[in-house]
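One chain, chain A, links the two complexes that follow: it is found with chain B in the first and with chain C in the second.
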Partner chain A sequence: MKNTALTLWIVDDEPAMCQGVLRVLEDFRVVFDDLGETVNYKVASMESGEAFLEKLDSGQSPDLLLLDGKLPGKDGIEVLSLMGKKRQQIVTVMITAYATLANAVSATKLGAFDFLAKPFTPAELRHAITRATREIILTRRARRLEQEKRQVRFEFLSVLAHELKSPLAALEGYVDILRMEPETDCLDRMSARINGMRKLIIDLLDLTAIESGRRPRNLLDEDIVAVAGHVVTNNAQAAKAGGITVNVTGETVCIMKADRSELEMLLGNLISNAIKYNVNGGRVTVNISEQPGKVVLSVADTGIGIAKEDQARLFGEFARIKNSRTKGIEGSGLGLSIVSRIVGLYGASIALTSEADSGSSFVITFPCLAQDT
Partner chain B sequence: MKKALVVDDDEDFLFQEKKALEALGYSVETAGGRMEAMAKLENYKPDLALIDLMMEEKDSGFVLAHHIKKIKPAIPVILVTAVTSETGIQFDMDSQGAHRWINADAMLVKPVRVEQLKTAIEKVMA
Partner chain C sequence: MEKKMVLVVDDDADMRKLMEVALQATYRVISASSGKECILAVAKEKPACIVMDVMMDGITDGLETAKLLKEEKMTKDIPIIMLTSVNESYDYRSQIDANFFPHDTWLDKPVKPARLLMEVAARIG
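Here is the complex of A and B:
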């Protein structure tokens, strides 16, 4: 369990009130079982709003503030309004003998989190502090999560920018060469770079469409065997070039509730990978079997395989495995990332068995496809 | 005819650098990585070496440059790299500090334009 110490300040002109709060909170500990966090408090008191604001100005600030509404000089509401930006970072509980609705509204408008009406019992004080503490923990976690998300987004964009820049640099180089020697035969190479870049952009669009959830899904009764056959036909040229035999085995018809273009993306990525990362004269077997409550799709190849240490990161973005065997194989690095997202949309699971030099097999199990997913 | 060795794991750049050097009057031998280059150097003596920095390992180019300078100190070595755009690490070949540990005569940032290559070669061959 994580241990956190929070700073709590009480601002009240009545010394008895300050001492009372200090006493109640002295050994007070809150255990949040659900959040896995224990919190204790470092408590300090101040007798006026001015003294508090002065401390804020000097750069100190509490995590939690118990602020009396009725203070000599600047009152609680005024102090709240003068806290400026700090108001968002400090969780404030107002203490007041005049717990009127008007007071509550103006304090809440100024960012107070809660109210504690005088006189209050130690139990009421602890309860208010516990509620405010939960708020602090949850806000901090949300902020951290947001930060992490931003970091992931930034890393994705910077890799993407690099992946888009590379083919452009290669093309620029070929243009230079052609200017210098118009007879040079490099048009096929240029076409390959352009196709690679186009594939990257299409994959990126697919991925962001799935990720954003904005792509309309059209769930109909689809025959996954027929879709597999269609995808195999689309990849026939690449298979032929590598002397690779592609077979669809198992059921002859298998109807499942699915979005056809999602199935095409899923099968397209798996089958084209099985062809690309194969050996000359190799085989690809697409098997579909209907079992009670599930449909199992497997795509197996006799290719170069994936080393154990590379398997874990395989489904991440731009996780292309670089070694001497994959050199020269074109890919956007987004294919399996798309596959795993689609698998997620169907509540399906994906399993990979692979060994270097003996081939890979991806098995996807779709659950309960008789009903709507 | 002067001979040049070009080492790069990127087939496009390998092809382009070869063409550019041929246009500058060199006969060119290529290698796709450090190991292949080291094997070729056993009985091939180029007048110039153009080496990519990040190949099998992130520092393959440094290791290869070091190897060349050790066995044939007279061969000018030009390192070509996209290291700064890929990792943010910057090398200043004009600084004394860099010269102490980078065994190369020049460093060019990818993508290298033919004109830049020409200028760098003239400088290191002078």
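Here is the complex of A and C:
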């Protein structure tokens, strides 16, 4: 439970009113179970609109304001309007002696959040304060979320820029060396960097297409076993280079409602990872099984595995585990974030079982939608 | 006279190779591929100069490592040249107190071999 203290100011020329509010609120706690937050109040009072505005000018401001409509000098409505002119956004509850619609309407137009009609009971006061408090807490959270979203996007773009510029910097460096010493052996490295960059761009396009939801999806009856076979064939050369055996086991046919290119992306990333991060002469086993209400896909390898402490961040964008075992293995760092997005599109779940040096197994469980027939 | 040692830190294997080639005629070059490896290498042998990529393992790995080195008595006098991909969206320079880390220690990637050699020589001869 998070404890939050909000400052509440009451502007009212009747001392009895101020005292009353203070008494009701001093031990008052509002508990928001759903938000995990408990709020308490630090209350201060002012006798006039002028006194309040002076305090505002000095740079102080409350989180919540209880403002009497009828004040000597500037009345509540005037104070509200002046606050608006200064662009002071304070959640305000107007206290009105005459609960007329006109007053409520003018106050609301000027930005008041709620109003309390005099005479009001302690319960009514607490109710109004609770509503206003919820407004404040929710607005703060929305703002924090926006800020976090912006920060995440910002970091993504920064890392992306770095990932795109690095291969170009390397290529430029090699070109410089070749100009000076044309015999230098660096063409293989240059090829590798070019391929890496192309893969990064392709993965990036896939990822953003899925994220933006702008890719049109063709959900048809697809045989996931056939798609797996197709992907394995595409990866045959890479597998052969490492002496890796890749097998598709389980059902011989398994039809599910899916977009073929999404299945290809999903299986493509999982299978190419299983081959890439494997040991020489190792194995990759793709298994598809149809169970009541679900289709279970697993891709297991006898490769270098993933340590427990690295597993949490594995599906993040550009997450690359850099250690002695992964040294020399190229990748965009986007494959698994693409996998996790596609898993999300199907309302499926993905589970990873792995330990350093003992291989990895990724298990995806697709919920089956009822057959149309 | 024995060659001074320069520690080159970058997570990109090709960049490490290229910097080694640029500097190896004049200096003895040791390389590291992350902030962590950099600290280990410095503990093993104190370099005369460090050339370090700002972004390695995580968005500010290089920066944080440089700060650590500047705070340690044993290592704070080692000149550090920071390499950055000119990137307006993440302004590293605003993250640092100018006195702590003077502006002229930044080089924008890609760095021409001759320029890198010149910058290192300007700091350690």
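We take it that the second predicted complex is superposed on the first by the 346 of 373 C-alpha atoms of A that agree within 3 Å, B and C clash if a C-alpha of one lies under 4 Å from a C-alpha of the other, contacts with A are read in each partner's own complex, and residues count from 1 in each chain.
To be clear about the criterion, a contact is a pair of C-beta atoms (placed from the backbone, for glycine too) under 8 Å apart; a residue touches a chain by one contact, two chains touch by 3 or more.
Quick caveat: nothing in here was measured; it's all calculated off a predicted structure.
Would chain B and chain C fit next to each other on chain A once aligned, or clash?
clash
Who touches more of chain A, chain B or chain C?
Here the partner covering more residues of chain A is C.
Name the contact category of A:V31: first (chain B only), second (chain C only), both, or neither.
So A:V31 meets neither chain B nor chain C here.
Quick check for you: in the superposed arrangement, does A:A97 touch first (chain B), second (chain C), both or neither?
Neither partner.
Applying the touch criterion given at the start, work out whether A:A170 contacts chain B, chain C, both or neither, answering first, second, both or neither.
both
Under the stated touch criterion, which partner chain does A:F154 make contact with: chain B (first), chain C (second), both, or neither?
Touch partner of A:F154: chain C, not chain B.
Of the residues on chain A, which ones does chain B touch that chain C also touches?
Touching chain B in the first complex and chain C in the second, residues 162, 165, 169-170, 172-174, 176-177, 189, 193, 327-328 of chain A appear in both lists.
What part of chain A is in contact with chain B in the complex they form?
Result: residues 162, 165, 169-170, 172-174, 176-177, 180-181, 184, 186, 189, 193, 327-328 of chain A touch chain B.
Quick check on the complex: what are the chain B residues that touch chain A?
9-13, 15-16, 19-20, 23, 32, 85-86, 110-114
Provide the residue numbers of chain A that touch chain C in the complex, in ascending order.
154-155, 157-159, 161-162, 165-166, 168-170, 172-174, 176-177, 189, 193, 322, 327-328
Mind pulling up the chain C residues that touch chain A in the complex?
Residues in contact with chain A: 11-15, 17-18, 21, 33-34, 55, 57, 59, 85, 87, 89-90, 109-110, 112-113.
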